[in-house]
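Order as written gives the chain letters A, B, C and D; numbering starts at 1 within each chain.
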Amino acid sequence: MSGVILEADDLHLRFGGVQAANGASLKVAANERIAIIGPNGAGKTTFINLCTGYLKPQSGRVVFNGQDVTRLSPRAITRLGVGRSFQIPQLFLDNTVIDNLLLALSAREGSWSPFTPMLRHPKAEEMWALLDLVGLKETGNRIVRELPEGMRKLIDIAVALALEPKLIFMDEPTSGVSSTEKFQVMDTLTRVLDARATTAVFVEHDMDVVARYANRVAVWAGGRIAHQGTPEEILNHPEVRETVIGVGV
Amino acid sequence: MARQLVFGAALIAALAVFPLFSPWSTVILTVALCEGLAALGIMVLLRAGQVSFGHGLFFSFSAYAVAFMAAAKVGHEALVLIPVGMAASGLLAAIVGLFVVRYRAIFFGMLNLAISMVFFSLLEKLFSITGGADGKRVPRPTFAGVEFGREQFELATFYVTLVLCILAALFVARYLLSPGGKALEAIKSNETRLEYLGVSPRKVLYGAYLLSGLLAGLGGAIIALVSGHVTPELAYWVRSGEFVFIAILGGIGGVAGPFLGALMFQIIRGYAAVYAPETWHAVLGVMLLVIIFFAPAGLYGIVAGKGGKAQREEGGR
Amino acid sequence: MPPEMLLLAALDGLAYGSLIFLVAVGLSLIFGVLGIVNVAHGSFYAIGAYVAAAGVLALGAAGLPTWLAFPTLLIAAALVGILVGGLVEIALLRRVYGKEEVLQLIVTFAVFMILEDAQKVVFGVQPYFANAPMNWLGTVEVFGIFYTTYQLILMPLVALAVLVGLRFFLRRTSFGRAIVAVTQDREAATAMGIDAARVYLITFIIGASLAALGGALASATTSLTPGIGAGTLVLSFAVAAIAGLGRIEGAAVAALLIGLGRSAAVYFAPEFDVLIPYLIMMVVLLVRPQGLFSTVQTRKV
Amino acid sequence: MKTMKLAIAALAGTLLAGQALAQDKPKELVVGIATFLSGPASVFGVPGRNAADLLIAEINAKGGVLGVPLKPVYVDEGAGTNQLLSEYRRVVQEQGAQVMLGAISSGSCNALAPVAEDLKVVNVMWDCGTQTIFEDGKWKYSVRTQAHAGAEMMATLLYLMKVKPDFKTVAVVNQDYAWGRESWALLQAGLKALKPDVRVVAELFPKFGAPDFSTEITRLSALRPDVVISTSWGGDLDTFVQQAAARGLLKQSTFVLPLAESSLERLGNVLPEGVIVGSRGDHYWLHPKYKNTPEMQSFVKAYKDKTGVYPIYPTFHMQQALTGLQKAYEKAGAGGKWPSKEEVIAAFEGLEFKSLTGTITIRQDHQGLEDQLLGTTKRVPDYPFAVYDKMALYPGKLVTTPLGEKSLDWFAKVKPDLVTDKSIETFDYAK
């Protein structure tokens, strides 16, 4: 295992009477695949929001690649190489799939010439390759709003990947994807992540997915990590089985 | 696309030959084009889901800049006054934009309104400088170095305006199709994702604001020359509202929309002024309601055969 | 500048602020519940004023006692709110809920244009005034200066009554609570059996009636001429924006701020009295974009 | 494609419609009339239009001008200057108006004069007040058939000096726009020349159309000036007077309201006795010399029947403009030929014609000379509103800035003996 790429240290955030983060800490090493599990309201999404700058912690700090990013905007953190997909996909719903992806590529390249129409985008080839990779080539010209939730989920991830992040947070990547396709989707994603040497942290509710694709699992409860370890250790942990997975011993 | 090009070309051709047949229409058409420019600026902002109820600020700022320069005989030349007036508004937009791009929706509209009303009040109050509510005369400058008579000057200004409008429309059309234009639309559809692309929505909106200020400024500079008089009324909020009105009337689906809206606005106003001089506001108001409820994509939607629904129905989120 | 002049200036500001408050609070209420910035609000003010003045003049012509003018003002305001406001909501606004803000704004702008001309057609263009109620109440003397009881006492009292009444209505009555519920979460409120459409209609009528009440009260002190609505609207915009849209108590403070600011300007910098409301609005929006009395809300992702 | 053609056809139809070219002997004489049909100034604009309708019908009933009937086309000044200018052009170029009557506000008048030159159309300034038009510019095609602010303010000043010679302090509350500013500048210059010891204690310029003057009135109540001057008009004047009256200010100071004639009937019992009032000229429907002439009586009756109120000064200004126009046409077309626009405008120079309340003379700079009538209010049982009493009629020649001089300079060197000039006639109210 190589060096630590992200370190969240003792994050605290309280709003509206809820302790959304209560000493949340996590170290992520390069090329890890960390699954975050836990009941609803445990603060999993809040943790991602804190790490990516959408929320600012009241105390604690986040270090990415040796740089303190605690007070940076999502924009700045994204530019440093942290990507993110969302629980509810955040896309430009009235645009086509390719517009969504091309905009991401423009953002990455910083190419905004007002005289180059989107249709003649210099990175169009890369975009098609990416679409092909996630198996959505046929939907390229469709308007996102018309697509089913599962596809949007994938597009959301593809948009994040288009930015070529070093680390990606995925908030429930397989929710909305039918159970038969979950493994297929995760296989594809893992292939892309491996090919690009991208580190990933993902929130997941499906324990089969966790068992198969994570190499470390962090159990969230009350705004912090309650347990962490390998999938085997965690999934067999009696307390975790009861509180998180909902299976009594 | 082809259909839109044909339509655009036909509109331009019709506009280009019109004043030759009916000299009195020159000024009205020029005024319509100027308002169309301001409405085009509004349309750019509407693409980002933002509405400014204060673009009279940029319209009037350049108009007054032109009035002051023309009166002081500084650059007493239309072809100098127009770009300088436009640049003055661009500069103002560059400053105002720094503040307003932090705001969205109704707050964006309100802040624009407030700033333009401050300017309006100043124009009215600083009587000794601005001539107060009565405004300032704009002496007719030379045109390309030539001292024209009224008719030639009006005609020349009209054609220059027409060319400038075409250039502006083409540029805006290109811009809206470019990634920058898509990023602008993204402010309306999902600003969070834009942030997570590493793009600053404020910067994107700032660019659009600057563009819209320049467009309104161009319109204002020309209107000052062609009507030979500027008044604070150019900065009043009702005037700013008219620009939004024109943009919606014409439709924001294509760059021809605002110009169509402006032409229609002038035609209705002209007719109403003859047949219903006391109720022309109401006639316009009814017209607007009809468009909103029965052809939401505006005149452009009707002409471009888009029927309209798809374009607008979705936006509200 | 003797110190009592400051007090005198403040008294003028109080009367003026009370009037703007009445109009602005209606605008704010409508925004809070319907989410619409109602540009036609100024027209309700103007029509309320005209109808009230016509009523008071008719009373005078019929030789009825002057005190009847006061209920007439209230009735005029309610009538305008119900008939004109109700018609606008049912015929137009109802069709644009949930659409883009811009569209809603522009619909009310169109209504504004239509109503402005409608006033002219119905009431003509000659200045109109009905000062009987103001004169009937007489004057009070403060430091040797005469004030009309109507402006110095009645108008602030009405404003205060509206403020307290609105608070009570929204917090203590079941319909008021329904309004608040719809404001906070329309879907949940509908699920609880609240008729959102009815809440919208009645809120709009209340808001419009308040604007009309402002106009009705003003009709005794000022001449009604075409165009009074447009100026009042921008002022109440300013008040609502300074307070934070949808803030009722805030609107009272903001209206007072503008009233005092303006009369202070007449004393110290008469050249800038018209600038004051817009300057305050601009500064507040720049420093606290959500207004003085609102809190920021973040979107959930 | 079809919709597009339709749209273009519609556009073409609209813009090409009716391009009547001026004929040598027209079937009708189109007269464009710029007046306020909307906005606060429609208190003057609409009475002006009503009078025009009435008078034009009368002229046409008598065979029109040189046998040609007049056809009025109205343009709304309230739509804003830019819109006014393009409407003005349209009426001249599309509807073939040979004569324009424009306008009321000095802003519009200043903007229209150069356009009239451009269009080569006779422009009769029927209600313009600003003296600067013919003092700062030379306009071939424009002519003014009434006095200007200089004459109006000079007469006001002389009357004030006559009836209240011993005042020491003065305050002004004028509308914040050109008229309010310019009229005060003139009065101030004249005051300095005639009464250098007078102190100006407050100069207030509330916003045009202000709904509330409470603060201004409080200040005036505290300052207690001997004289309060306000050249405001319309709704602003009504509001100011009402609020001031309710708070006793009208009894505390002498009010000078040079435009109050137009508000007398509306103000009813609000206006007490002893207020100095004027009417921008010599017009008054109860004019001491002319109220019983058949012309006046029929005009007042016709106007009251039509509108329900007594005529105010803009209606008289309209009458002067139309009469002057008729006389100029008759003078220019004396040979039996239909006159050209240039001949008409030339005929205006030196023209002398009778108005309902006196005689108007057009100077060679196209400025009209008109008498000025001022009075002090009095309550009489005959009417439910105040009437003029202690009237003084100032001859136009006496109070109008001499040819070639600027009003402001002339005011600065005015001599006190003007106050008691022998040509000034005086009258008291008589039933």
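Basically, a residue touches a chain if its C-beta (ideal position, glycine included) is under 8 Å from a C-beta of that chain, and two chains touch if they have at least 3 such contacts.
A quick note: this is a predicted structure, and the numbers were derived from the prediction, not measured.
Graph distance from chain A to chain D, where chains that touch are one step apart, equals 2.
Under the touch definition stated at the top, chain A and chain C share these contacting partners: B.
Of all chains shown, the one whose average CA position lies nearest the global CA mean is B. Set side by side, the interfaces B-D and A-B show unequal numbers of C-beta pairs in contact, with more at B-D. The chain with its Cα centroid farthest from the Cα centroid of chain B is A. If you average the Cα atoms of chain C and of chain D, the two centres end up 36 Å apart.
If you average the Cα atoms of chain A and of chain B, the two centres end up 43 Å apart.
Between chain B and chain C, the centres computed from C-alpha atoms are 32 Å apart. Looking at chain B, residues 124-125, 192, 278, 280-281, 315 sit in touch with two or more other chains. Within chain D, the positions touching two or more other chains are listed as 37-38, 176, 207. Each of the following residues of chain A touches two or more other chains: 54, 90. If you check the complex, the residues on chain B that touch chain C are 46, 49, 51, 53, 99, 102-103, 105-107, 109-111, 113-115, 117-118, 121-122, 124-125, 192, 237-238, 241, 244-245, 248, 278-282, 284-286, 288-289, 292-293, 296, 312-313, 315-316. Residues 1, 3-4, 7-8, 11-12, 14-16, 19, 37-38, 73-76, 79-83, 85-87, 89-90, 92-94, 105-107, 110-111, 114-115, 118-119, 176-178, 181, 207-208 of chain D touch chain B in their complex.
Interface of chain B with chain D (complex): residues 3, 6-7, 10-11, 14, 18, 21-25, 27-29, 31, 124-125, 127, 131-135, 137, 150, 223, 227-229, 231, 233-234, 239, 263, 267, 269-271, 273-274, 277-278, 280-281, 302-303, 305. For chain C in complex with chain D, the touching residues are 5, 8-9, 11-13, 15-16, 19, 120, 124-127, 129, 131, 134-135, 139, 144-148, 150-151, 218, 221-228, 231-232, 262-263, 266-267, 270-271, 273-274. The touching residues of chain A, when paired with chain B in their complex, are 52, 54, 73-76, 78-79, 83-84, 90-95, 99, 102-104, 106-108, 111-119, 121, 145, 159-160, 163.
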